[in-house]
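We just call them A, B and C in the order they show up, numbering each chain from 1.
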Amino acid sequence: MPVAVRTRSGGRRGRRTAVPYVFLTPAVALFVLTFLLPIGYAVYLSLRKVQVSGLGLGRGSRTEVFAGLANYRAALADPTLLTGALRVFGYGALLVPVMLGLALLFALLLDRPRVGLQRVSRIAIFLPYAVPAVIASLLWGFLYLPATSPLNDTLDWLGGPQPDLLGTGTVFYAVVNIALWGGVGFNMIVLFTALRAIPPELYESARIDGCSELQIAWRIKIPLLTPALVMTTVFTMIATLQVFSEPMTLRPLTNSISSTWTPLMKIYRDAFATDDRYAAAATSVIVALVTLVLSFGFLRLVQRRAFGQER
Amino acid sequence: MRRSLGAKIMVTTLAASLATSLVAACGSDSGDDGPIELTFWSWAPEIEQVVDAWNADNPDIKVTLSKQAGGGDIVTKLLTANQAGNPPDLAQVEYQSLPTLVSNDVLADIADLAGDAQSAFAEGVWQQVTLGTDAVYAIPQDAGPMMLYYRADLFEQFGLTVPTTWNEFAQTARDLRAQTTDHYLTTFSANDPGWFAGLAQQAGAAWWAIDGEAWRVTVDDPATRQVAEFWGGLVTEDVVDDQPMYTPEWNQALNDGTLLAWPSAIWGPGVLAGNAADTEGRWEMAPLPQWTAGANVTGNWGGSSTGVTEKSPHREAAVKFATWMNTDPAATELLVRESAIYPAARDAQTGPALADPPAFFANQPDFYALAQEIADTAAGFTWGPNVNVTYQTYMDSFAAAITDGTPFVDAVAAMQTATVGDMRDNGFSIAE
Amino acid sequence: MATAHPQPAAATTRRRPHRPRPHRPRPQLVPTIVLLTGAVYCLLPVAWVLVAATKSGSSLFSTFTFAPGDALFANIAELSAYRGGQFWRWVANTALYAGVGALASAALSGLSGYTLAKYDFVGRSAIFNTLLAGVLVPGVILAVPQYLLLAKIGLADTYWSVLLPSIISPYGIYLARIYAAAAVPDTVIEAARTDGAGEFRIFRQVAVPMMIPGLITVFLFQFVAIWNNFLLPFIMLADDNKFPVTLGLYTLLNQGSTTPALYSLVITGSLLSIIPLVALFLSLQRYWRIDLLSGSIKA
């Protein structure tokens, strides 16, 4: 269903009124407090650095000075940033279609009649989202590490090979799997609720006319879902460009993931591990800009389909 | 949502405390009349018992404990809290974090208030909290001298002798692998820089030194390179494993004997008891293998101290508590018994709490006597102001060396480059 | 994919209408299997949490990964005994943060989404795009500046320090906007206006009931997000009595390499943490069955 297209009927809505501004004030105020001001401070930080004199141990030997674009230059000169970015693009190219495809599939299946175990499936597919990340390292450690993995145990019992799921070649897919497992439920619910908003009369008549469920899905539901699909894609893209917690959970388990495996991990390392907040700020401005360009570029590309199409 | 009655009461209480804390947060707390209130951040298990004991005997100085995550996390929180102006009064900090915290003006110089605590500690330990200067930045709490733990029953089963030198260690590893490919003698972990630093200390490494008004940085000194080459050779030969420690797989290996030995530190029994409780009584402790036969040196892995923050308004009371906790016999006994740490205070090391071996090593009655001998041989070490950078580079470059099969000495060179580069970037004076 | 279907695939209007079946139709096999596979894939790691929580510390690393133990209640008892029941305090904290936070977030998102969808005013798309752009900034980099800012106003290490940033959710506002646009017809609003209702009253009494499924979704997601959020409370809170469950369990797990991690307690705590979320999800499911009132399609 189109999102924001509606006919202008003039009248009060067209007149200038303060009501929308008043309604938006709490959101805007909170946004300024929790997003804009911190972002501004982060940008400010990205232009500063620490300068120490001598040994740096005495009182006041450490001052913050203006650094210009030095942090940006250092960030861009770091080869791990580029390799991390390329890795993330590959990761996104694999994850986004698979995850959204599966989410769409499950949402459509949950929306049709005569599918068994709907309630069970719905809660089951939602559950990964509910598992706290604090035990993710433990959880995936048990499931992936060869000594404890039930996969290895089963293959061993069947006489098959013992895969190393966390080796240099396979760890990439291990990370994708974690993200897929954790995210498909979330996106499925979003698409499912959007499907629920479609009035059933639309396809009741098609059903009566003899359309199969597959055709109804393909010809009616998916086109109506397009705006939700597009925006879900955008948000998933943004989330995958910022992938951080999935590789972080695997990092203590294997030698195959460095602390700069993705750009966000580099930012986290700078901010929290080596306590170099200035470099972290500069790198995140770069990452945010790239994400902005990519996501709004994508939106522009599909704009007509997302917001302009009429039924 | 499920809500038990208890939870409902909790929520009401919390709502009340929310209101109170809102009020309290806006005002500043000076505690002029009534007991002095100190906040203490720590992660040592069961340390609340020590705090409770203090509070019972000292109604005029009340210490409130807040358990934090350990290691590097607490350093990050201290730095941000200090920048925001509300750090705790006391914090448990590892020795290697002290220069970073001092450099950021987090910790106070308590030399005038704590000078006489010096006599309670060994020279090498005290040096870690003075950073080689006249100032005192923390009171040492515990030490982590390194020693070797090994499965005595499996050593007997495979006919291995306990190595006393590193060459013997390599040979033992090879002998084991010649007999079975299901076991390794031990693993080299690219995820535990403190472990490697301790091994390097034993070889005589000195990564940082203060040379007048400048730092001297030699992470890639010959001793460290020797250690790196040794272990690199073992990993390449596939006679030791190359997986990180503290993973479910490693825990399982300790349980089922896949790994026979663990070069670790004095706090090892606690970890073994937690992860491999069923193997109790089958392990034994011996000094670390030496680089030259007949030598008697070890390194330190871990160990923490209690620091007082610069911004604390009750410095004297805080120092009083810190000194009591780490030197008073009653307190150190609680630390040993409840928190399972090895005290840095010399008297406590020979105290009654350490007369019996840890429960996990009941088969080795002279455990702590041997441990004290080993602790006396621990080499000193000067930590630099950017240990975090060195440690992060260790993890990345050694992990890459393992997966790429490149020499470990190259990884050490990477650590040196990164450390010096970071210090230069920040303006530290580096001696040439 | 081919489905077994009683009707021929071709749809023409000349076909005679399908006779209604007298009995409840049997579920179709292939879609059910697909869903079931997805469910099993998602459930397997969760099953691990359940199984691991039944094991005592000593058997956690010495038995087959999916072999259940018998120490579930012992683990729960041990967890409850930690520091005199601090775990339950953490649960109460989390309920406060997530419950209040998600409610406020749903309300705020509903109001903002409705405003953005149903009013046309200067700066509308600018505000919307700016709000959405908030999603672009990784939380990792916002954490420390947010902390310093809140510390300046004296709110650090308070419940507000976790609540305030949790209430604003750009994604929630976006969802609410979609819902408002799709579910609340302009005709109904106009009718209410001509009846003389005030704008806020229209929102409260006309729009909100229509937007319920969307607001429920926003509530659920914000609830789960806040429930499982780690970085924000980690940086904001110093007093461990204010910790949420995630942060509390993290401190149990990360007591440094020199002390044993309390694996069993952490796993048991995580299991207990999942249960309220499941209960919440189950109780909110029925809201998704409500068909929208007028079902009007925008022309």
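By definition in this document, contacts are C-beta pairs under 8 Å (C-beta built on N, C-alpha and C of every residue); 3 or more make two chains touch, one makes a residue touch a chain.
All values derive from a computational prediction rather than experimental measurement.
Farthest from chain C in terms of Cα centroid separation is B. Set side by side, A-C and A-B show the greater C-beta contact count at A-C. Centre-to-centre, using mean CA coordinates, chain B is 39 Å away from chain C. Remark: chain A and chain C have CA centroids separated by 15 Å (rounded to whole angstrom). Work out the mean CA point of chain A and of chain B, and you get 37 Å between them. Those residues of chain A in touch with two or more other chains are numbered 138, 142, 148, 272.
The multi-chain contact residues of chain B, meaning those touching 2 or more other chains, are 73, 246, 248, 252. Residues of chain C in contact with at least two other chains: 61, 144, 148, 250, 263.
Residue ranges of chain A in contact with chain B, taken from their complex: 49-57, 59-62, 74, 138, 141-142, 145-148, 168, 252-260, 269, 272-276. The touching residues of chain C, when paired with chain A in their complex, are 1, 3, 5, 7-13, 15, 17-18, 25-28, 31-32, 34-36, 38-46, 48-49, 52, 61, 64-66, 108-109, 111-112, 114-121, 124, 127, 130-131, 133-138, 140-146, 148-149, 164-165, 167-168, 170-171, 173-175, 177-179, 181-183, 186, 190, 193, 199-200, 203, 213-214, 217, 220-221, 224, 227-228, 230, 245-246, 249-250, 253, 263, 266-267, 270, 273-274, 277-278, 281-282, 285, 288-289, 291-292, 295-299. Per the touch definition, chain B reaches chain C in the complex via residues 1-3, 6-7, 10-11, 14-15, 18, 21-22, 25-26, 39, 41, 43-45, 48, 66-71, 73, 77, 80-81, 83-86, 88, 94, 144, 192, 194, 245-246, 248, 251-252, 254-256, 265, 267, 270-271, 273-278, 301-304, 340-341. Looking at the complex, you find that chain A touches chain C at residues 1-9, 11-14, 16-17, 19-21, 23-24, 26-28, 30-31, 33-35, 37-39, 41-42, 45, 102, 105-106, 109-110, 112-135, 138-140, 142-143, 148-150, 153, 181, 184-186, 189-190, 192-194, 196-197, 199-202, 206-215, 227-228, 231, 235, 238, 242, 244, 264, 267-268, 271-272, 277, 280-281, 284, 287-288, 291-292, 295, 310-311.
Per the touch definition, chain B reaches chain A in the complex via residues 72-73, 75-76, 79, 99-100, 102-105, 131, 133, 190-191, 210, 213-215, 242-244, 246-249, 252-253, 258, 385-386, 388-389, 392, 395-396, 398-400, 402-403, 422, 425-429.
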